[in-house]
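What follows is a set of structures to go through.
Here chain A shows up in two complexes: once beside chain B, once beside chain C.
Right after this comes the complex of A and B.
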């Protein structure tokens, strides 16, 4: 219970911090009325915008009104479409979650066996070569890999569509998922491999071997589960990385998620939408972090009573 | 007797360092490629064969080596090699400047946290956690749009957003250094806290920070090119790798070369910086082990 309260406190700090940062950043960047009304606005339009958004009020009143909106999750209406900003964001959210989830599952499906294989005998020649490839993939920028994959699979081989999203056609999902997985699979593989290497030298593995357990049993039953715990602790960081990646990947593939919405709203200076979006993303990352935190305190006895 | 015989000078130390560097393959390989790229960026003007901005519409889409263009020309007849070098200069300058800001902020906060400056410690931890939890590229997208396009806004955005890695490393390293006997001895001897920090802690951080600097350089380079690629980093028309990649997308059917050349350049640079950083990390850890002995 106290853990939940601690997480709740963190959440409140986070919401206030993100809210304040957005509020002051927008105002520090110049007169928001000009930004909202656009480059070619007439003075009358500027005045109208000031009134409409309450920008003629003193700063502290604006801030109070803004915090009130924040508490009600009300960020106002989109400047370009007039729809409630929050509704627009929530509309796109499932697509990003779908993409991130598919990429995460693919990463896990690849990283666990590959990491275990690499970590079991890290000095075998073939595995050293594969480790090298994983290292290069981990270092390479995900959006560059995405462009190269489009070139290979969509332009040269004509196997898959290069762009567009169709909820009913799985072929439009393949390249975006593969591209986004490139943001997490290589690093996850390396973490698991390193953890397996370490675990294989632990006393409990040596003891199991001494009692006659075969190499593969010690690897899969003893070393890997412990290696996975270490890897899973990174889930929150990985998820944040995937959301970062989805901003580029979605805009490359025209995937109708949060990332492409962010770029659209940012390029049209649609600040209500940007604010709602940043808020939702912060909340999302927080939820993933908090739930993995709580989950792993249950799974891993070593974490339980440490403060 | 001159001092050089008693104390190994800079030259001797540099030679010893080089000798050791060769024994760490990551450091030798990554370091030489990275330093080569750095020199190419510094003296780029000598290596550029053409003006990177000059277009010649009669010379569009020339292939490798055609018409005196080493890597051919792009959709506007501009020399790809010269644009690549210009992009390298932009990326290196941008990543370097942002990295310096990161280093200063992160190290200062990390030292403050390790020195247990009460309130500052809590605040810097909270801010670091929050910044690290938030997807960095999304934060950069929002901030860079607010502060505007161009070199300085880009550097400031990346510089002010991505220092947590330095804070965490400095904090962890400095905290462990504070438990060392020589630091305790200095404290007992009445050396002031500031002098302990500058004289005993900071020198011990150097090797690790250099390694993080190189690794983080790669991350900043990726962030910069991603922002440029999305059209919100470098202003349009400036030859950067991100812009080159974005422009190449319309010609993937005609000229995949325009995609492959900057893609390879980014991957090569980032891998070199990563290897260099890993090698420096190995070097830092080895140094510590000999110290402990």
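Right after this comes the complex of A and C.
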């Protein structure tokens, strides 16, 4: 219970800090009245837009109004569409969550066996070659891989559609999921492989071998579970990163998620939507990190005992 | 064993997720006969009072009818209004088309214009794009059910042209909507109506009541913000058209059984000179400004980077807009003359300038800014170029805090008067400060603004354009082209600036059936 309260306190501080920083950063970025009114705006129109959105008010008053809204989780209406900003964000949230979850699961499904295989005998020639490929993939920008995959699977081979999102057709999920997974899987694989290498030289592994356990058993039953601890921490961070950093992939695939909404709202200075979206993302990242902490304690008996 | 079990669980969850993701699709969804990839689908799309540029206009023009339209020569043409006349300097009468119904069955008559004008005159309406463009309209009066009188608060000799952006929604239905968000649910009398929206898509279905009958009954717009991804979607057969690509994409589009259609927008690109709050700038001298215009080989740039789709210009009204003077010659590319002009102005060895630009607005723009800097260097003008996001540049220019001598800019619209004013001494408000002010231009502008006769105003515009050629407010570039790609079997796509006429697009008899084409590409 005390741990939960501590997390809650952290969350409140986080929300306030992010909210305040965002308010002032966005105001420092520019006057949205110019963008809303457009290039042909008359001075009268710019003044009218400022009045309409309360931008003519002193900054401190705007801030007080904003804080009041924040307390009620009311970020106001989107400047672009007039919809409640939070509703727009919540409308896009499931698409990003689904995509990030699929990509993360795929990453884990690939990284665990591949990392274990690479880490078990790291000096074998084939594994060194595969390690090299993983290393290159880790350094490749996600958007380049995404465009290459579209070129190969959608343009040349015509196997998959180049654009999402269609809930009724699993094929629209393949390339966006692969693209995001290719961003997270290589680093996860390398961390697991490095941890397996380390674990395979630990005393408990030698002991297990001395007691007659086969190489396979020592790898899968003794070394890998320990190696996964570091992987679990990284996976949590990566999942949080996927939630907030999928904008480019969403843009390439026309995926109607949070990332593409963020790009749109930033480019149009749609303050309420940006604020609502960053708030939701910060909340999600916090929840993912808190869950990772809890999972970590569950996986690692040493951390459990520390309580 | 525990790890294997966990791994098996992960795979199981992945499979379940895939299955869940695949569920919930509406299998009975209408299949579009035409799919178009567009850079964005703004959330407000559907609000008749917002948006005057592509791709917003693509949908709005399909859903709503405007009071008038603009023909290829830039003149007003009939739409909901079939005829018009100026009855006095502050009033025009419009005859309205008979037999028009909105998609919900409401009858279009004079009252629809009255109520639409009332909305535009409201505080909310004035903050919307169309209301802010038609501030001269004070009210609309019903003369007969088929004739209205538009009363103005200042003379407007070009009102029939200006109301070409005025889209009319079904009045009773519009009144029932909860604004502002509800405005996008407005119903019109255009050839299409919105069938569904969301998930980055907008599905349009034929409006059975429409007087502009569409050739293709169902059209879908798909939002693909990334330009390369739009091209790939076209080549792969996922879409039949892709808007706003670059000239470089032509060969790829042709390999994908398509063709490229250049579309000249209503914008003219130029590099503005900041002469206000810029003491001792060489740009204060008109000879220097002319010299810079003559030093840039714009023909080379339009030929090689823009595929010859546009031509260099020496005026800031686009061809096809009211007031464009086709007789006004473009600046010659003449570096010797440019050097002589600089020497006459007292700068025989040139000088240094700074320029802020927005790159990525038009494909290849970074390249032509580099080439312009290289051209200017040949006459001794050393140009340092810095990049800015478009929103930042907009703010800097409007607030008069441009941290450079030159900046990338463009004019827009069918009537250049507004742009003339923005770069003149008449624009003295703190809310939008001018970047250039030539006192000699002021009386010409005032005469143009007060001209109540269309031909007189045309003469005044020509005089202003001639003056600006001799006293250029920037380096004139060209009418901005956009490049769209379209499947070979589609005909009838002939955009006029930002009007795309979706209803005129049709498939030829020999065309590949869309279902077959998409089956080949395995498109959902």
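The rule we apply is simple: the second predicted complex is superposed on the first by the 288 of 307 C-alpha atoms of A that agree within 3 Å, B and C clash if a C-alpha of one lies under 4 Å from a C-alpha of the other, contacts with A are read in each partner's own complex, and residues count from 1 in each chain.
The working rule: contacts are C-beta pairs under 8 Å (C-beta built on N, C-alpha and C of every residue); 3 or more make two chains touch, one makes a residue touch a chain.
Every value quoted in this text rests on a predicted model; they were computed, and no experiment measured them.
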Chain A as common anchor, with chain B and chain C clashing or fitting: clash
Contacts of A:289 with chain B and chain C, given as first, second, both or neither: first
Chain B versus chain C as contact partner of A:263, first or second or both or neither: both
Partner chain in contact with A:112 - chain B first, chain C second, else both or neither: second
Superposition-derived comparison: chain B or chain C, residues of chain A touched: C
First (chain B), second (chain C), both or neither touched by A:13: first
Partner chain(s) touched by A:158 [first = chain B, second = chain C, both, neither]: second
Contacts of A:101 with chain B and chain C, given as first, second, both or neither: second
Partner chain in contact with A:241 - chain B first, chain C second, else both or neither: first
First (chain B), second (chain C), both or neither touched by A:281: first
Partner chain(s) touched by A:150 [first = chain B, second = chain C, both, neither]: both
387-395, 459-467 or 495-503: stretch of chain C that collides with chain B: 387-395
Residues of chain A contacting chain B in one complex and chain C in the other: 29, 147, 150-151, 155, 251, 263, 267, 269
Interface residues, chain A side, partner chain C - complex: 29-31, 34-49, 52, 77-78, 80-84, 88, 91, 95, 98, 101-102, 105-106, 108-109, 112-113, 147, 150-151, 154-155, 158-163, 165-173, 220-221, 224-225, 228, 251-256, 260, 263-264, 267, 269
In the complex with chain B, residue positions of chain A that touch it: 13-14, 17-18, 22, 25-26, 28-29, 135-136, 138-141, 143-144, 147-148, 150-151, 155-156, 236-237, 240-241, 243-245, 247-248, 251, 259, 262-263, 266-267, 269, 274, 278, 281-282, 285-286, 289
Residues on chain C engaged by chain A in the complex (per definition of touch): 1-4, 7, 10-11, 13-14, 17-18, 21-27, 29, 37, 40, 42-44, 123-124, 126-127, 129, 132-133, 135, 179-184, 198-200, 222-226, 228-229, 232-233, 235-239, 391-392, 394-395, 398-399, 410, 412-413, 418-419, 422, 427, 429-432, 520-524
Contact footprint of chain A on chain B as seen in their complex: 126-127, 130, 132-139, 141-143, 145-148, 218, 222, 225-226, 229-232, 245, 248-249, 252-253, 256, 259-260, 263, 266-267, 270-271, 274
